[in-house]
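Just so it is clear, A, B, C, D, E and F label the chains in written order, and each chain counts residues from 1 on its own.
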Amino acid sequence: MFELSRRLEFSAAHRLWCDRLSDDENRRLYGPCANLHGHNYVLDVTVRGDVDPVTGMVMDLNVIAQVLDEVLFRAIDHRNLESDVPWLAGKVTTAENVVAAMWEQLRPHLGPGLHRMRLYESPQNFVDYSGPGAA
Amino acid sequence: MFELSRRLEFSAAHRLWCDRLSDDENRRLYGPCANLHGHNYVLDVTVRGDVDPVTGMVMDLNVIAQVLDEVLFRAIDHRNLESDVPWLAGKVTTAENVVAAMWEQLRPHLGPGLHRMRLYESPQNFVDYSGPGAA
Amino acid sequence: MFELSRRLEFSAAHRLWCDRLSDDENRRLYGPCANLHGHNYVLDVTVRGDVDPVTGMVMDLNVIAQVLDEVLFRAIDHRNLESDVPWLAGKVTTAENVVAAMWEQLRPHLGPGLHRMRLYESPQNFVDYSGPGAA
Amino acid sequence: MFELSRRLEFSAAHRLWCDRLSDDENRRLYGPCANLHGHNYVLDVTVRGDVDPVTGMVMDLNVIAQVLDEVLFRAIDHRNLESDVPWLAGKVTTAENVVAAMWEQLRPHLGPGLHRMRLYESPQNFVDYSGPGAA
Amino acid sequence: MFELSRRLEFSAAHRLWCDRLSDDENRRLYGPCANLHGHNYVLDVTVRGDVDPVTGMVMDLNVIAQVLDEVLFRAIDHRNLESDVPWLAGKVTTAENVVAAMWEQLRPHLGPGLHRMRLYESPQNFVDYSGPGAA
Amino acid sequence: MFELSRRLEFSAAHRLWCDRLSDDENRRLYGPCANLHGHNYVLDVTVRGDVDPVTGMVMDLNVIAQVLDEVLFRAIDHRNLESDVPWLAGKVTTAENVVAAMWEQLRPHLGPGLHRMRLYESPQNFVDYSGPGAA
């Protein structure tokens, strides 16, 4: 079994704010992250599988790159995650929620080989996710 | 002569938008950067001078770090550069304009030894500035 | 299940030296690492769990950062690991032993969600540890 | 259980080309990667095991470094993977095939502790492999 | 005066070989670099000038990026510098010669504002060039 | 004119302590840096000159690498800069003093082409030096 990963970078604005909490609760809970700010996000998408004995590939990297561009990059790069991305509407844009929403977007295009996603908000903060069925 | 540099990292939202241009002109000129987005900015601040023969230092790095924290970091980290920073009000927040405004903020605290500032919006884009008198 | 990670950087001196071995054996076993030297260490601490449906977080990153600062950073940054850190006394300060000792320090503060720690001595050498119960 | 990793960097030329496919099929399948080009490859080799209570080590890092140098680096650094490396002959040099061939070379020298290898063609593309028995 | 820089990354094969020297002289002079190998090259292109008071820009970064793509990237990425690039024909492809040839390609498109180019073969080796008139 | 740079990495212990100051003065001046600690230092050495029309090189990178290994690396890697390096004896080991002492060591071997040295204590702190005659 091999795991093949492709990196995508994008720049976006966001803040941590939960509509079900009061202003004071949001400020206390999220601290400075409750202010609108932004990141150069880095996303590593990993597919898992056997290697095709003819092509030598788990999956075609050019196909993965194209899917990442069309499904994610065009929707989120140089955008405000609080207002511009339909599939993030109503969610607190923590790295956890963002990576899980990205998984839902990618899964229909990459199939069951989609194995893990790592999203870096910065080199200091990152989250790994392996899909809703992982235990 | 020695040049001593200290790095500061901060996360902020911004967009490129000039109030003296129409919406169409802004979109045409700045492209996707006209949308609100954000970065993990990296700033390298350089002071220049001789080394003190007793201390072995051009300037005390702890002092430089404290100035960067008090004068810049508290004003800009986890902020929206379009609305939250008084000394950026009315400016198009290109890397060029932001680094020049930061120079004006730091110069009274670091004195004539302040020699150069490099601001990275991302590893792909950065600007160097040596002050208003540099030719 | 999500894995949320936070990075901590610190600078420390150390050497590899085992008191139960002779000088010659230490030199032969550890080579140049038997000399006192030092590193800019990088530590990634990972907690694992479900996401709180209200806050969108596995654990509050600000809390993790504060624990890392109080429990680890204040004890080890700008220190000599051979003499200055009580919970490393008597241990050979290999990356393996250091990361396991850090796990013991952090576990009471981060609880059973603490899932994995990766310690880099340099980009060339690093160790992963998942706790004493991991098989 | 601890996982100890050592990084190796090398520069090599390669292209993606399968002799069992026609020229057109190769160009269509591999795109620009069908042209001879090259990379600064980065390889992280991970061994897994318990820590020796005397030495504090899973395995001697100096030994791992020497094996990587003798078995891999001398054969592949500053080489053309298409023609200069006997154990890659006849293989399509995808990252998947290269890392699996490296595993076969290293396994006799590092023993059953060899646990995982990650090969980066670039920061954008990388593959993880855990050996032929992994499920 | 501001200096604005844009980064371009590309992967290419090359070797160091001078047709005016014998095989032995080439091997002795260039060592392992005389073998065909390759790199993930990184190029930083810097333009210098005043900031336009309306746009806040030295030069439009999107224009610089487009020039780098059309003039350099399409010619050199995923190529063999020894045979595939007309403007490198007959040159020893040291970093010095490659960056000077790139300068000649870019100068007609970027004008006299083109100020400096830095080419990394790897993080360990890089060259800076400021044009044929620089003293 | 071209500037050719070569990177060297080494790990060493040091502290900031001036024998001409009292203990209290040292602690007040240098803060936590007065404790013995250590770094993964990174040194970029730059030579400047014209390119040889036959070889295409400013200077032979293999020669520079060998000089850096013999003159610097063997003396300072995996060492305590406070006690193990004769040419640092009696100096406060600030980055400024260390890079100037390294310049004196390298200058006889690299000649007048030696143009600039940059020493990183960490990505956050670095110093540039151009020799005793630079204004």
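Following the convention adopted for this analysis, a contact is a pair of C-beta atoms (placed from the backbone, for glycine too) under 8 Å apart; a residue touches a chain by one contact, two chains touch by 3 or more.
Note that the structure is predicted; figures quoted are calculated from it, not measured.
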Mutual neighbours - chains that touch chain C and chain F alike: none
Gap in Å, rounded to a whole number, between the CA centres of chain B and chain A: 29
Separation of mean Cα positions, chain F and chain D [Å, integer]: 34
Multi-partner residues of chain D (at least 2 other chains): 33
Inter-chain touch pairs (all): A-B, A-C, A-D, B-E, B-F, C-D, C-F, D-E, E-F
Chain F residues within the chain C interface of the complex: 9, 11-14, 32-33, 35-40, 77-80, 84, 121-122
List of chain A residues in touch with chain C within their complex: 16, 18, 20-21, 29, 31, 33, 91-97, 99-100, 123-130, 134-135
Chain F partner contacts - residues on chain B that touch it in the complex: 1-7, 46, 51, 54-58, 60-62
